[in-house]
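What follows is a structure written as structure tokens; I'll ask about it next.
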């Protein structure tokens, strides 16, 4: 059956995308993975995140998917986004090579800054790669309405990327599990 | 079985309706459709929306269903509605014939404006049809309580019309999918 | 099997109860019922509500279940509750015999009023029964924390009492329903 | 099958943990248990909670799991947390031996206090044990972003620890249950 062909063959993709003149970005929830311990308990193996993908515009409504850059927002970074008021800003720093021999060679920073003349924001990504000697910068203006969609969708997704949906549903699905008879 | 007769025969209808003296409107979530690519990935084919349907009153508690007008709010337009404070207003413009030879012939605009004497709103729809040489206008007063229901229901529905519910649930339903064993 | 014994034999009861010195009340979501039309479409038959049940205290931690009074909050009345700020109040009037020969004989009013000396509220129910020549009054103080639970739980339940959860899930459960193949 | 080995062997664990220099705490939803009455109705047997577990740091990124202390937040205490503004504080007192001969011998208090120099909080737990003649104190600083995650996750979990998710889903899962045919 198609289920036997594995996870990737049935992957559902529904990113929330904001396409603007010079660049675009999209948000996609990335669920945690779990691992079963000898005790039988199932614990989080790799944490979930909200994956943000930036692309440069390379023509009229065309974006450079090949050279996209990624930034995975952790649960706590999503919490920062959720608390932002109209004048607030925030900035996150990631090192994709942390704990490897290349630590410090690539530095990524994602910042969200309020727009001076509206109640929207700028989503900015800077990627400095000392190995390739490159520096990339993406900046996408986000309207207040688009940011409201981001907040509502991220608020919905947060318990899922934390794995809390699995904890709250585990007793529901097992029939009499958790019920005394 | 009844399942074999297809989707429409089992459609569940539960619009949120606001009936007032001169006109009425209802909100219904419309889910996205998906298509399977050769790679096996499933992507959004037609975006979801919140469908708003307006009707004129044609008698005591009777409304003109035959001549209803529709306006499909996109995810970002729903985001606008969700961010509205008591004094805010918003307006959206749609062309149902965009990208066809009739582009520009029918113009629809939906506006939400604060009520001067209360903390409610007016939901207004204008439809100008140059092909039929008609202009229709609907206006329905909405109380703060009704608007709160609209916001709560649209906030609930937003991840579903974006397809995010399918992304967050796909690993839950496949047994060991996403689990290492 | 136990499933064959019908709905009521498996009913799950988990009211949110606030017990105070002179009276108590509880909240329970009551789901809509649906009916299938000849077209195959399934529509709401009886609307859902949040059922509020009041009881008088008749001893130490004992409440008079036999003489309880009920008040079913509609979706829009729940919307009123959800929008209440710390100084707001609201009041709803119901006639349980409306459209019958006893219309007007029993009048129920539920009011929520801010507490003068705290940021809590009073939940009050008045039932005037002209047939029995009785008037009952219940008043239960609610802390801000208890009211926050009520708001969060009612916000969760609102899409369910509206039937929107069934609309947003109908395409998810049917395998390829809503998918093009 | 693995299902036959019982609930604990398939327990999914996904606490939200905040690790700081001197101590750490984690939050985990604990679902209610239900019991079936002779009438067939299923009622809450043991209430759900959000379990907070504190540990002292005993080295670099090492925490003392053996001597952890627990504090189970009730639905109403979760309501307090959800209503907290940036300058608010709250405190809860529990006696784990209440209604036993050791009542009053162990006193636990959990307080959440705003941080003087930021818009974060301190999560503090004090455990006074007169039987062992011990007094323990844990204090963990929480950023505004971490607190936003706690609020969003607790808001998601609240209907589940109250058992309201089971009430709102019971009619959905039974096919024609709640439907007239």
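Which chain is which? They are A, B, C and D, in the order written, and residues in each are numbered from 1.
We take it that a contact is a pair of C-beta atoms (placed from the backbone, for glycine too) under 8 Å apart; a residue touches a chain by one contact, two chains touch by 3 or more.
Keep in mind that what you see is a predicted model, and the values were worked out from it rather than measured.
Chemist: Would you kindly say which chain has the C-alpha centre located farthest from the C-alpha centre of chain D?
Modeler: Most remote chain from chain D, centroid-wise, comes out as B.
Chemist: What is the distance, in whole Å, between the centres of chain B and chain D, each centre taken as the mean of its C-alpha atoms?
Modeler: Computed value for the inter-centroid distance: 38 Å.
Chemist: Need the CA-centroid distance for the pair chain C / chain D, whole Å please.
Modeler: Averaging C-alpha atoms per chain gives centres 27 Å apart.
Chemist: If I count partner chains per residue in chain B, which residues reach a count of at least 2?
Modeler: 34, 42, 165-166
Chemist: Are the chains arranged, by touching, as a line, ring, star, complete graph, or other?
Modeler: ring
Chemist: Return all touching chain pairs.
Modeler: Applying the touch rule to all chain pairs gives A-B, A-D, B-C, C-D.
Chemist: Which residues, counting only chain D, touch chain C once they are in their complex?
Modeler: Residue list for chain D touching chain C: 32, 34, 39-44, 75-80, 82-83, 90, 155, 158-159, 162-168, 170-172, 174, 177-181.
Chemist: State the interface residues of chain B toward chain C in the complex, per the touch definition above.
Modeler: Against chain C, chain B makes touches at 2-3, 5, 7-14, 16, 28-29, 31, 33-36, 42, 45, 143-149, 152-153, 156-157, 160, 165-166, 169.
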